[in-house]
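We call the chains A, B, C and D, going by the order they appear; numbering starts again at 1 in every chain.
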Amino acid sequence: MKKFMNTADNFLKESLQGFGAAHKDIVNCYYDPNFITRASPTKDGKVALISGGGSGHEPMHGGLVGHGMLDAACPGYVFSSPTPDQMLAAAEKVDSGAGVIFIVKNYSGDVMNFEMAAEMMSGPNASVLTNDDVAVEDSSFTTGRRGVAATVVVEKIVGSLAEAGGSLEECKKLGDKVNKNSGSMGVALTSCSVPAAGKPNFEIGDDEMEFGVGIHGEPGRRRDKIKSAQEVTSELLEAINEDLKPEKNEEILLFVNGMGGTPLTELYLIFDNAKNVLDKKNIKISRSLVGNYCTSLEMQGVSITLTKLDEELVKHWDSSVLTAAMRWGM
Amino acid sequence: MKKFMNTADNFLKESLQGFGAAHKDIVNCYYDPNFITRASPTKDGKVALISGGGSGHEPMHGGLVGHGMLDAACPGYVFSSPTPDQMLAAAEKVDSGAGVIFIVKNYSGDVMNFEMAAEMMSGPNASVLTNDDVAVEDSSFTTGRRGVAATVVVEKIVGSLAEAGGSLEECKKLGDKVNKNSGSMGVALTSCSVPAAGKPNFEIGDDEMEFGVGIHGEPGRRRDKIKSAQEVTSELLEAINEDLKPEKNEEILLFVNGMGGTPLTELYLIFDNAKNVLDKKNIKISRSLVGNYCTSLEMQGVSITLTKLDEELVKHWDSSVLTAAMRWGM
Amino acid sequence: MSSNFFIQKAKEIQIVIDANAPEIEKLDQEIGDGDHIFNVQRGIKLVIELESTIKDLTASKALSQIAMKVLSGIGGSSGALFGTLFMTMAKGNGIDEGIDYKKAIEIFAQGVEAVKQRGKADVGEKTMMDVLIPVSNCLKKGVEENKNKNEILSEAIDIAEKGMLSTKDLLATKGRASFLGERAKGHIDPGARSSQLMIKTVCESVLNS
Amino acid sequence: MSSNFFIQKAKEIQIVIDANAPEIEKLDQEIGDGDHIFNVQRGIKLVIELESTIKDLTASKALSQIAMKVLSGIGGSSGALFGTLFMTMAKGNGIDEGIDYKKAIEIFAQGVEAVKQRGKADVGEKTMMDVLIPVSNCLKKGVEENKNKNEILSEAIDIAEKGMLSTKDLLATKGRASFLGERAKGHIDPGARSSQLMIKTVCESVLNS
């Protein structure tokens, strides 16, 4: 494991401090319990969006706090979901009376901790659960699918509606809709190391890739020999399309997400290869996002997310946003 | 070497195509010769900024084309400077009559190729040469120092002046000033692989780091055992400060730059550790930038750049910018 | 049972967990995300640090503080689940009037029931419930059948081990390992292993006292 | 010398460069950025692809097309330098009236002079100039001293090798290796090696013809 760090114990704290200092115009960081809010208070009557999850997926979620997106984020330890006291403290700070939407990725740890926070809260609240990872079979008898990169899309779009005055119910409904309209799948070339562990989460051969990998380096569908970018991209899209079933001429958002250690050049190359596939299927790339947004520490890997768009979603995708990691229109 | 790619020959082309498709609202990509321009033409009378260099440093320079920064970028093959025909074709497209500023990193290949383009050009032009890497000893008998991450700062600030109507001469002067006010130094934990080579540019032990590394993986000042992030940061800043000699209470831009494979969390941690050092020296972090901007393929590494600021520089740093990789105010 | 008892047991658990840390770490790397051991170790450490804070508190207050530490200090699935266990135990009826082994078993069983509701997992889903539920049932049954304390505890130790081992060949349907489908088979569940070790440590310690 | 001659030599050079590619690659990895071999190989390939385009052109036009390919196809330091070499040679006086070995030497020397000005490097700075300048001087001197062609070419081959080897112990003051200071010592310059191989190939080929 090679990392810029001092001690595993201080890794998260120092990183948060640096984040807070570098973006003090956008965010405030609080410690013990750890949470991040916008630098300026939530305006009265605006539904507050709170997300959170284990650390190691930066810029998600702290980098997505700001105008037009989250009101607060609760970072857990690396790959460990945050705890109810963090969410309660964050909610206390940002709830302006209109209620709180929790955006939760579907992992039992995240679900249970957010659930406990919701139960302990006095004010009105609702949760949007993301489960866009088509690598995992969906079933009502199991935990179901993992929430991965589409969470970023949910946060952008619900954030926009909340900013525009949407009610708690409307925000919850829109969040569920975006999630339902999205499918993702990832592939990893290298592993990642939790600072406290000091060694890779999984072993992977020099000629191997993990197809369908999770954002904590959880095993995916299968271990394959490395294939060409075009083959990998085609297979990812096939799996997503099988699930999402976009229509011909349907407009979509194509989101090529790096897992932390993937250079932009390769992400754009994947974007190009994905466009080849989608063009052939007459699926229209109407919006795009390329970058390392929902990461797994220093993992070299990529995920593709498709979100089926309609007028409402496009409007909220395009609206102004000002966070550390996503910014346009202001 | 693990990369998402098809063939080494198509690596650059496909990546450029993806870049162009993902950001068609911001840029146009041209091929044979390869160059990138803004999607909308340079307005009449505005000095045109053109930069370029070997590929593998993305988002620099293509990701910095757009309002408030570059008018065009010329990407060479990976780690090979671009060629005069690219610069001439780009200049032809973006020169609106007010002349062209070439922003060139100080490598003999870049210098000579841009020089030849400048000689072949008919219109007025000037060059700003960046050489901010303090890892290398400066000397008039040699090639001098390398141009590294401060190039991003030069492009932002000169881009702003050009947008505001600065003349060719004023732009050139300001570019030189920003370069002189900046110092950078980097350190690498891992190597990087040129696609055509298929193997790492240099070997580095599991417990080693390259201190003072160049952005092509060129050896730096020395090979060290890995140290703590705080020690590394302190040593980088010491080297920079020795050269730049910022005054007490001087205002600076602190730019923590990742080399492509470094997750944001670690960059923010370095920012925090750098702040510790600068606070003690009473050097004031007045502006900040954190992210992978001037990269070396998939290298895990970081560089720190300090730029001494004055009112003029702050004004041009803060002004609106809309590129694929840097965007604020619009 | 007093706050001193809780801290003593935490210290004994710490020794056992630390000794088995590499194995537990590996289990969560194989079918989870590798953090379980760090979550558990952090939790135990935080509980032990409560020693002076809780030393003069009633059992309910002490347990309640422990529960809050576990809930806020661990994170992940195990933080929510162990937190729920202790929060429920802290609310046990009449525990401030003294906790004998029967009372302990009663509130433990209430805690496990709450954990089961929180996680919505039952026996056979390849989680810590494959340890907690059988142990809880065995303890309750022992008391009902008026077995003696040592007999009950010995049985619980065996049942915990069996439950833990049983997770090896199961398909996971709850928790992170459920994402793996068939690939999770052949690996013991990390939470089952850590729970079993904790139960074993406490039972053996009480057996020998 | 006709466009056919240029293409034939390029093909011979391609074989030699390809055979020595791993070594050249390593040299630029050690004291540069590792791209030199790919730059050179790309350039040679592009020149050879010109075969049908230039086959009926005059020497000056053929060389000029080759020069543009080299300049626009290689990139990096070597692209600018080799491009300058050929651009200058293409402008050589009277080359369309025929190029004998004396004319060839004359325009080569002019080319090397232009390269020297472009790169601002002289002998002793650990670059390809440590090959090009001595070879150019040796060729010119041979002609001045009226040595026979084969003698001149044999000498040039030796001088090129000596120049290339001399770069090993030099400190670099130009090019990318100059950033390394003392650490560049002990390594042969990649551009010197590739230039030497090209010169050797052409000289030997002409020698044996």
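Going forward, a residue touches a chain if its C-beta (ideal position, glycine included) is under 8 Å from a C-beta of that chain, and two chains touch if they have at least 3 such contacts.
Please read all numbers here as calculations on a predicted model, not as lab measurements.
Participant: Going only through chains that touch each other, how many steps at minimum separate subunit B from subunit C?
Facilitator: Shortest path length, in steps: 2.
Participant: Based on mean C-alpha positions, I'd like to know which chain lies farthest from subunit C.
Facilitator: Computed centres place D farthest from subunit C.
Participant: Could you put a whole-Å number on the gap between the CA centroids of subunit A and subunit C?
Facilitator: 32
Participant: In angstrom, rounded to a whole number, how far apart do the mean CA points of subunit A and subunit D lie?
Facilitator: Computed from C-alpha means, the inter-chain centre distance equals 54 Å.
Participant: How big is the gap, in whole Å, between where the Cα atoms of subunit A centre and where those of subunit B centre?
Facilitator: Distance between chain centres, rounded to whole Å: 29 Å.
Participant: Could you check subunit D for residues that touch two or more other chains and list them?
Facilitator: In subunit D, nothing touches at least two other chains.
Participant: Tell me, which residues of subunit A touch at least two other chains?
Facilitator: Within subunit A, no residue touches at least two other chains.
Participant: Looking only at which chains touch which, which shape fits best: line, ring, star, complete or other?
Facilitator: Per interface graph, the chains form a line.
Participant: Looking at the whole structure, which two-chain pairs count as touching?
Facilitator: A-B, A-C, B-D
Participant: Mind listing the subunit D positions that touch subunit B in their complex?
Facilitator: So the residues of subunit D in touch with subunit B come to 25, 29, 31-35, 38-39, 42, 68, 71-81, 83-84, 118-119, 172-176, 178-181, 183.
Participant: Can you tell me which positions in subunit B touch subunit A when the two form their complex?
Facilitator: The contact residues of subunit B facing subunit A are 2-6, 11, 14-19, 21-23, 55-56, 58-59, 63, 189-190, 206, 209, 226, 228-230, 232, 254, 256, 260-273, 275, 285, 288-290, 292, 295, 297-298, 300, 302, 327-330.
Participant: Touching residues of subunit B toward subunit D in the complex: what are they?
Facilitator: 33, 54, 76-86, 107-109, 112-113, 115-116, 133, 135-137, 141-143, 145-146, 194, 196-197, 201-202, 214, 216-219
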